[in-house]
């Protein structure tokens, strides 16, 4: 077992699958010789050649669109969008084609592509480099959307995403790329998609989050634990389709739920979870649901980004408020 | 006062504002000589000239992008995207530029553009012609998103959208274009943005919807009324920012809420409303919130589209279920 | 100042409007055994087209995009392809699709509003119709890349309209395919109109073929109503691509004799007086004249052909009309390879609320 | 076959690497009073650039994109513009921006992570930097359209990189602007690299200037390190645009002597041995040699200039560092013209949770 940070885990998963499945190809800007601006693909072009690790021209629409063509012809393209602020030109191909190629040909053609992109704020990156677009994708039928929150889950979920016969949007929280290391067995073992991971058990309230925000969420759980409050922490992991069963189960026990995400509040994925609670968990709820999210503003440039991002303080405050209700 | 259907009301509002504000220009595919594929702009190029009613080449990205440039230079572009299935190539400019130009220049430049597009299913249109993309836009900070549900509101809200100093996405339900007529005074009077319209008062439950779905929703209210059940019907009208005050008020009285929309359920705008109820209306709720929505599938081609769309039957069933809870 | 690059665009025509040769013909164009199938295919496509319009008018299918007058492009291009090549078509390319083996019944099913119409029994790897303009050029470039990577001697052939050449997808895909030297042939059906927008307003470029120059590849113009020219240039481009010579662009100049689609009324924006003379250039008459000149065609053959083709159309219509309707479950069952757990409840609800007769209650 | 269109791309250089004239010079290039401000501006831009990199290294600003060696493009182009024209720049265009009147303190504020840096006191109508590649070409085309519609004799000038020419926005915007005959000048800073992707992998087109042909407009190449060539071609293109002659494309060939940005390490993908000889072509030395040849420059002047420019940089750094930090309210207050009611609560929450020292606790 090696000690890996998240970006290294991504790299290992890509390498494993390229090694074991000749259909896997990578494409994107600066992923070859340069190994990716975050080094997610470092060494892979050397190892697998420039035909399978394709340094593309600067053209996100065509990166997504050619990946659709490759996937339909039996390759398993893993396309990288350099930063999620540049992912919008891919939406047309993802929504109008990738997500529905199987459906519109009644299974004759499929689209097993993965669209990888770093996402999120917190690394003092330039403008348009800190976006959290997961909700845009999570609304699109036919897609899977995945966001890992640790090196181990990055490894196992990325393998699952590549092996999945349908398109997967795989968003990697930039802030976690090098934040911490974990023992990860490079054994090609995939984790299951479509299920949440319960990172911490607790009976007093449920904290639901995903991606980088699990840092703050878990820290908040620690703060609460110090006060004797048991917070259950659920990592969404697969954002679409949503494993509400796990969340409803948890809330059935705790009666309280705080949802934490980095994207803007309105229409964020937290809304879908809260809506499900309002529909199917309302009798369990002993207090109003709370969302601690990015504000409904443009992610600010570096100097204010940590005032935008949900903090441990905000999560703890929301949890306390939830717990005050008796 | 003239009897107008919705598409005529759109046409009158455009004409009024072009007449009174020389900064208003229209651009889009087939909007000039042809008057738009739905005739929304019919007669306007003749009246205001080809320089102000611009038949563009086939390039949605550039339609949105040049509109940003025009708006920044003091014009008030109203761009038409021919069908909302072709709106995705505009997202990059809408999200990365239009929505934030004011913010990123701290008010030095603004972006008073309107992006109009027909939306929704139900007219047996070809593939990709029946999309309901409102939730994608409603998640984006800095935007306004508006959807009228009657000729009168189309007229007044479109005028408000054009006059608004910030970008507005204006989605027009295709199914309503010619469905019914209304007396509309062509007097240049705008309706307020950012507020819901209560179309019908009732004390037993609240039905919230927008756009074409208000047809089924109001019909459902009639069915319920025949059984002595008073349904309050709220038309969202401005989908972002959301006027939750009106909805919370209503639910405070009725204690029950059914949200109806045509877009796919997961991550649809109904989630945001339900989430707000779970956060701020939970003590009013006497029953679980219900969403009656399009399924989480690709909008089917014509032969199944009415099995996709929420029906009166489905809405009534949801309402009944809500009312059964005591 | 020094000139650092020079480019030319060439125009090719073999048969003039009367079907007379304007220059030495390629061998196939002197061979009735090669020409008659093309003639037959164009005739079949046109009869299908007319029937589809009629079916739309009577509410039996939805909106339909006629290829009237542009049959030489679809048949010329598709007949130059091998079975194992891949066609990546637009919504106006049923001529090419039929040539590839898509059945008329399948086509009607699609235009009738049923996804099963894109589940072709024969060209299993061909793309379904692309409605979002020019997106298919990206898909075709991706297909071509896959062929090249796997060393398969296959070519991706993509067709789009003159309007489509204004869209970013077209340029991005050509540029990438050129860098990749991928086996891609892109054919522009320049039928002079993008709904109501005439070619002159679509681009200030005097030819659309010259858009290839932006990608550093070859672009040429064909008389798109001369199936000999279309097929010849397509053959050359496909052979070049197959041999590793990279992508090409062919602008096939034709004319949209009909409305944009059945939902369109071209008289709103196009003077019928402009259309009238264009009939003189249409491709079927032109090839017939050539065949007559070769003494390879007769009135009897014509009559028999029309009869056969009409019968085939009618049989297709019957098969189409006899197809049982899709069910609510069809909305769910091919969305993913396996239905996600989260969708089970919705699928059940859809079946629960489905009208008992399976009909469409719009 | 007949040739139906012919195109050429011309390359312009006036001063060779040693600053020697290669052909008769345009009048301004013989006039020290015209040249010295250009020399000064390039020097100022380079000193600013070096300081910005140093500030990034010490954590005083964020990622910064150096224009080292490409100063002739920004200064050449911007100096050919009128005040009332509009610059629509990319992130590498601070040279052009400074020439337009953006202050160094504003630029630092932007790169320091503060939106107020794009609230220029002087070129009020210039666009802020575009980070999403090539999107700005669309904006510039829209600006140009507005000028034309209002009969204003103004020109929109847009700069992008070689990588940017692969993006759909670039082609779509050029094509539209050409149809509109809008007063637009698009300048490609071909610095040979798009991060790690060399020009040769960006496009198979032998020149980027020829991408203009796809839009039916004129495209030309300049030695982008020869400010005389850049300014001359820019002047011509701007004058043509202003006179109603429509858009042009200029490919200015330069070289990125530094890393892509401070977040990049070019040695990972680019042999330093490739870079070394490129220093011989850099624009400042070249113009200095020309000035020396004109007897219009001295060591004393050089020394004084560097002193003045350095002082100006230092003053800007001080002004930047002295700027009070933004507050949480700044996230909300310019998002809309007026704060929507729905945002009031969030704004209050942001203020409530803001750190008391206003600092950045990332």
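Per-chain residue numbering starts at 1, and chain names A, B, C and D are given in the order in which the chains are listed.
Definition applied: contacts are C-beta pairs under 8 Å (C-beta built on N, C-alpha and C of every residue); 3 or more make two chains touch, one makes a residue touch a chain.
Computed from a predicted structure; not experimentally measured.
S.K.: From the C-alpha centres, identify the chain that is farthest from chain D.
M.R.: For chain D, the chain whose C-alpha mean is farthest off is C.
S.K.: Which one, A-C, A-D or B-C, has the same contacts as B-D for more than half of its contact pairs?
M.R.: Equivalent contacts to B-D are found in A-C.
S.K.: Express in whole angstrom the distance between the two chain centres, defined as the mean CA positions of chain C and chain D.
M.R.: Taking the average C-alpha coordinate of chain C and of chain D, the gap between them is 43 Å.
S.K.: So, what's the distance in Å between the C-alpha centres of chain C and chain A?
M.R.: 40
S.K.: What whole-Å value do you get for the distance between chain A and chain D if each is reduced to the mean of its CA atoms?
M.R.: Between these chains, centre-to-centre, one finds 35 Å.
S.K.: When the centre of a chain is set as the mean of its C-alpha atoms, what distance in Å lies between chain A and chain B?
M.R.: Taking the average C-alpha coordinate of chain A and of chain B, the gap between them is 30 Å.
S.K.: Using the touch definition from the top, which residues of chain A touch two or more other chains?
M.R.: Those would be 56-57, 59, 61-62, 85, 89, 92, 96, 100, 103-104, 127-128, 141-142, 241-242, 266, 295-298.
S.K.: Going by the touch rule set out above, which residues of chain C reach two or more other chains?
M.R.: Within chain C, residues 115, 132, 166-169, 172, 175-176, 179, 201-203, 330, 335, 342-343 contact more than one other chain.
S.K.: Which residues, counting only chain D, touch chain B once they are in their complex?
M.R.: Residue list for chain D touching chain B: 86, 88, 115-116, 118-120, 124-125, 127-128, 130, 132, 135, 137-147, 149, 156, 168-169, 172-173, 175-176, 179, 330, 334-337, 340-343.
S.K.: Give the list of chain A residues in touch with chain D in this complex.
M.R.: Against chain D, chain A makes touches at 29-30, 32-35, 37, 55-62, 85-86, 89, 122, 124-129, 265-266, 295-298, 300-308, 311, 313-314, 317.
S.K.: Show me the residue ranges of chain A that touch chain C in the complex, using the header's touch definition.
M.R.: Those in contact with chain C are residues 25, 51-52, 54, 56-57, 59, 61-62, 64-75, 77, 92-93, 96-97, 100-110, 141-142, 164-166, 194, 241-245.
S.K.: Which residues of chain C touch chain B in the complex?
M.R.: Contact set of chain C toward chain B: 62-63, 91, 110-115, 129, 131-134, 163-164, 166-168, 194-197, 201-203, 263-264, 268-269, 325-326, 328, 330-332, 335, 342-343, 346-347, 349-350, 353-355, 360-362.
S.K.: Of all residues in chain C, which touch chain D in the complex?
M.R.: These residues of chain C touch chain D: 1-12, 23, 166-172, 175-176, 178-179, 181, 201-207, 209-211, 213-217, 221, 246.
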